[in-house]
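One chain, subunit A, links the two complexes that follow: it is found with subunit B in the first and with subunit C in the second.
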Partner chain A sequence: MKFKIMILGCLLLALALPALAQDSVKTVEASAIPAISPPAPATNVTAMDSPNDNGHSLTLRWTLSADDGAGQKTVLGYKFLRSFFPDSGFVLREGMAPSGSSEYVDMGGRKPDDRDFMPNDTDYYYIVRAITADSNVYSDSPVIGPVKAVGQLYNVGRTLVLVFVLCFAAITIFFIRRARKGAKLFVRRLAGIEAVDEAIGRATEMGKPILYVLGLGTAADIATIASFTILGRVAKKVAEYQTGLIVPCYDAIVMTVAQETVRTAYLDAGRPDAYNDDMVYYVTSNQFAYVAAVNGTMLRQLPATNIYMGTFYAESLLLAETGALAGSVQISGTDQVAQIPFFVVACDYTLIGEELYAASAYLSREPILLGSLKAQDYGKAAIIVISILGIIASQFRWNWFLELFKAGN
Partner chain B sequence: MKRQVPLMLVFTLALVMIVQYFVPNDFSLDTNEFLLKWIIIIGIFAMALGIWSLIRVSYEKIRRRVPGWQYPIATLLGLAAMIVFGFDYGRHFYTQEGLENYMFIHLFQYIIIPIQATMFSLLAFYIASAAYRAFRARSVLATVLLLAALIVMLRFNPYLGTFGVYLEKTTSWLLNVPNLAAKRAIIIGLGLGAVATALKVMLGIERAYLGRD
Partner chain C sequence: MPMGTFLWTTLGAFLTLCIFSFLYRDNPLYKFAEHLMVGVSAGYFVILLWHNGLVPNLFSFLSDGHFYFLWLDAKSWWYIFPAVLGVMMWTRFSRKWAWISRWPIAIYIGIGTGITIPLVMRTSINLQLYASIRKAIDWGNFFGSGYLDSTAGYSQALIFVGVIAALFYFFFSKEHTGLFNGVAKFGIGILMIGFGASFGYTVMGRISLFVQRIQAIGNWTATSWHATSSYLIIWILIIGIFVVLSIYEFIQYMNRRGAAQSGS
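On to the complex of A and B.
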């Protein structure tokens, strides 16, 4: 009997021991996490309308809690509660600011059907909550408000841009007026543009057409607009020399404008009968399908000259290399800096950078257009002088000078 | 009149867009959105003209049996097939459901995407042939270019050991000093050229895009 009681006792002990052990572990674990006491709240909280925007946004600033990075070091970050009333209805906002930060921009939606619509000219009240690892332990700042979000009439951060644009516009208009009065303006030689006439002559001699590619830009891109002007000059020469012209387009609007440009050029050259709408045609708005179509045209029709002017991306080398293989004289110009090396390698002449924009003035030799080129030169000279002054200022730590050229969003 | 009205429109809208850039309020943003929507609307109308142009030019090529006249047939068949399947045989003319049509999706995924990938992959071979032409040391400048390219390429060689570290440093210098300086100079020039061109368009000095009276 005693033996049975002993066995039963041992079994009970064996069953109870793990449970006791677990209890003891739990006790140890519980005692390992010290209870967090509420941290000191954020102080000196201010709320103001975010500057230089359309409203729907408020900026909160505060002095860090005494337990943020110091004291108990328990603050993990800050959350924000917002209400339309000072004493009730506070709702926790989605975002949070990490510990150590003392600014938060509370942005809402602009339109009533936006998910987090935040109307302007409405009173808002805020509480900044210092949070800890324990979601139940936090401390709130006093309620701050009322504050309103307001849309501004002028973006102060863009003043530098405005000043620059106004100065540059004034210089441009000054030189255009000077050119109109008959002042002689020197423009350096642009080999790429001078080659256009030569290339058209070559095409005429060979009895082969000229292929003009406007690139992948839209009609709203400045590079495409510059390209329309060059196309106009090229088309006029082509009409005079009675050579063929092929203009495959990537964008339907670009095609419409290009058709009008070429038609006008043929009228100006006194050859309206030679113009045909099919010279300028739409291919596709798919990048590589466009490349395939243009490359096919190059290899089948073997144009004497290929002119690429406008915005180009990865297709630049695909087009230019095919043109080189077909034995065409190639002239290119783009505003895409990354594509310039490809064109330089594969084409006979390349307009680098702003030469693309200078081409129309250079081709026409119209004094008004040349005037704007002079303004660009002065603009560049001003930037060089400012850059040198900036280098000197940063060496001598003239921060006031550097601050002058800090542009906002 | 036919020329003055478009010029007035260009000037006014350009001025609106410039002012809009400096005015951040809701009215300004709504105006910007409204004008951008117009670009989309005009684009849709222009697309109809574009497709008509494509059909006409392709038809002419087939009719005149120009060299390679078979290709426009493929173009027109492809255009027709995508329209028919895209509208789901006319059942979903006004909805987007045709874009989920089995044939439409498969034509896109198994014909258009592989063809695009093929075209893009040609770039690797073209880069090689273009590099060969660019790096022929025919002049002092071409030799400098060749040496710079060799340094930049060799830095990826894992067998160079300590020498590779020097190449890495030289490459960083090449990319961050002379290369970046040249790039920035071009970008500044482009920026000024773009502003000058925009100004010329706005003031009606540059008007080739308008056509003739």
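On to the complex of A and C.
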């Protein structure tokens, strides 16, 4: 009986196997990717130099393939081939534009030794390729070209920046002329700067030096330039009171300018003999090595006053905390927003952001600096007015007004 | 781990502990680590400036890739002018000719300022203005019909009011009195709230840096040349530093005592 059942089972299995095999074939056929027919190519292709740049870039525009988002809907995107010749040598570029986009900026390297250097004033020819899911199925547009990348002297998109700079310059010149003619330009009291004179007096009484740190900025940074002015004022007072001055520098050019500033201040104070080049010295251009050296100086020479003015980064708290530990009076000022909290916490007085620039004018009372300070105040008033107008414009959807401030690329 | 790497990482751990000893007070170990770091970094930057500054930005243009200083044949022969400006800086070593070095400094600062002004005008004024006013007040957010919820609506309005009030604080041409003073105080209050948040955030970052450094030393002990001996070395380093500091303190104490006795 069992034998019969086994034979019957084998027969049934033998009958079922071909049917199963047929089903599996059907499954494979059903899941096979249907052949894609080549899509319609991109049309109306144009190539032009990218505007408002220094060259090394070309912009391609085209009308979408008929199968991009419509028709067969098979276009996944567009790739680009470039050549120096109209009929040969086309090489596929690295980037691609997704489906639905009709513009591509081909940006090459700007220096001759860049990997993808794209020289200006050289003829280029392009093909726009509409691609599909199948890498072998695509459609090429006709060859377009020749086109050259050219640098522009003037960036039209930044005209508003020029207008702002010109307006600001005009206001500055106006106030400088007024200051030179003797007009009294009011500047409100800055507690941090008034404390400088007290701190120098304290150092003189204690017979200890003053440590002046110019920060990590270069000589061309605005905060460092403002700091030079304050250093000049401090050095003059130090020369008058015959107190010591220590200026460790992070940058060689900053050191050179600082030496000139201090030398001039000593000359102005009538004490050129007291000036010594070693007062202003170079330490190193490594951030934390510089901090280690300045911290060591603070704890060994125990300056009565530490003044930090300029551009600071992560070293701000390390310096200010060590200075507080050494018991020095500390006055700081920086335009680095992220570092101001540390100075506020660890220093006796802190000049916040623009107060640093105002301090140099407040101290020197020079017409040029006073005029600039007045112009800055008018600039801030203009910003408040523009902001309120901007709010009104955004409510009425006057986008043209808002777009003015995008200020190009 | 190879023996050489093991020795270098041991030195790294030792120098880390030397720098941390500053938390106690200034001491010879800290001075050693400080002077080593300053000296090494100064020397390193000379080489770095040579290879990353002078060679690619100057010599490569003057040499045409063959020999340095064959600038007469070079395509970019005008690069000789910045080279001359650089050489002029060396006149600082002569008292008589030091004034010549003011010229390259003046050109450097002038060009730097010229580049900075339009850049700052665009990034710090134009683009900031655009970002501030573009979505400053979206009434839809207040009433739940906008892109964001009502909290975002209040936040946007607060940011805008805060920006205006903070600008009032930075007016230097007018004494802060009356209503003006009130607005300015509100502005500095907003700034201080921002500073407080920034302070807390950065302190957390610093603590994570400290933890990373400790973990780096811990990983070194786990994966180094011989794990057991590495733990031993760490303890030897810590005890060694403690002994050196103790001896230093003892010498200081004896010196002070000697000075006090000779004074009396």
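Keep in mind that, in the parts below, the second predicted complex is superposed on the first by the 350 of 409 C-alpha atoms of A that agree within 3 Å, B and C clash if a C-alpha of one lies under 4 Å from a C-alpha of the other, contacts with A are read in each partner's own complex, and residues count from 1 in each chain.
One rule holds for everything that comes next: a residue touches a chain if its C-beta (ideal position, glycine included) is under 8 Å from a C-beta of that chain, and two chains touch if they have at least 3 such contacts.
On a predicted model such as this, the values are computed, not experimentally measured, just so you know.
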Inset, instruction - Would you check which partner chain A:Ala346 touches, where first means subunit B only, second means subunit C only, and both and neither mean what they say? - result: first
Inset, instruction - Figure out whether A:Thr256 sits in contact with subunit B (first) or subunit C (second), or with both, or with neither. - result: both
Inset, instruction - Considering only the touch criterion stated at the top, classify A:Ser394 as touching first (subunit B), second (subunit C), both, or neither. - result: second
Inset, instruction - Tell me which partner A:Val137 touches in the superposition: subunit B (first), subunit C (second), both or neither. - result: neither
Inset, instruction - Quick one: classify A:Leu185 as touching subunit B (first), subunit C (second), both or neither. - result: second
Inset, instruction - Give one of first, second, both or neither to describe whether A:Arg158 is in contact with subunit B, with subunit C, with both, or with none. - result: both
Legend entry - Partner chain in contact with A:Leu369 - subunit B first, subunit C second, else both or neither: first
Inset, instruction - Go through the superposed model and pick first if A:Ile386 touches only subunit B, second if only subunit C, both, or neither. - result: second
Inset, instruction - Considering only the touch criterion stated at the top, classify A:Lys406 as touching first (subunit B), second (subunit C), both, or neither. - result: second
Legend entry - Touching both subunit C and subunit B, counted on subunit A across the two superposed complexes: 158, 161-162, 165, 168, 218-220, 222, 225, 253, 256-257, 260, 283-284, 286, 288-289, 292, 296, 300, 317, 337, 340, 342, 344-345, 352-354, 358, 373, 376, 379-380, 383
Legend entry - subunit B partner contacts - residues on subunit A that touch it in the complex: 52-55, 110, 120, 151-155, 158, 161-162, 165, 168-169, 172-173, 176, 218-220, 222-223, 225-226, 228-229, 231-232, 249, 251-253, 255-257, 260-261, 263-264, 267-268, 277-278, 281-284, 286-289, 291-292, 296, 300-301, 314, 317-318, 320-321, 324, 335, 337, 340, 342, 344-346, 352-354, 356-358, 360, 368-369, 372-373, 375-376, 379-380, 383
Legend entry - subunit A-facing residues of subunit C, complex: 19, 22, 25-26, 30-31, 33-34, 37-38, 40-42, 44-45, 60, 89, 92, 101-102, 105, 108-109, 111-113, 115-118, 120-122, 125-127, 129-130, 132-137, 139, 160, 163-164, 167, 170-176, 191-192, 195-196, 198-199, 202, 206
Legend entry - subunit B residues touching subunit A - in the complex, by the definition given at the top: 18, 21-26, 28-29, 39, 42-43, 46-51, 53-54, 56-57, 60, 67-68, 71, 112, 115-116, 119-120, 122-123, 126-127, 129-131, 133-134, 183, 185-190, 192-201, 203, 205-206, 208-212
Inset, instruction - Over in the complex, which subunit A residues touch subunit C? Could you list them? - result: 113, 158, 160-162, 164-165, 168, 185-188, 190, 218-222, 225, 253, 256-257, 260, 283-286, 288-290, 292-293, 295-296, 299-300, 317, 337-338, 340-342, 344-345, 352-355, 358, 362, 373-374, 376-377, 379-381, 383-384, 386-388, 390-391, 393-395, 402, 405-408
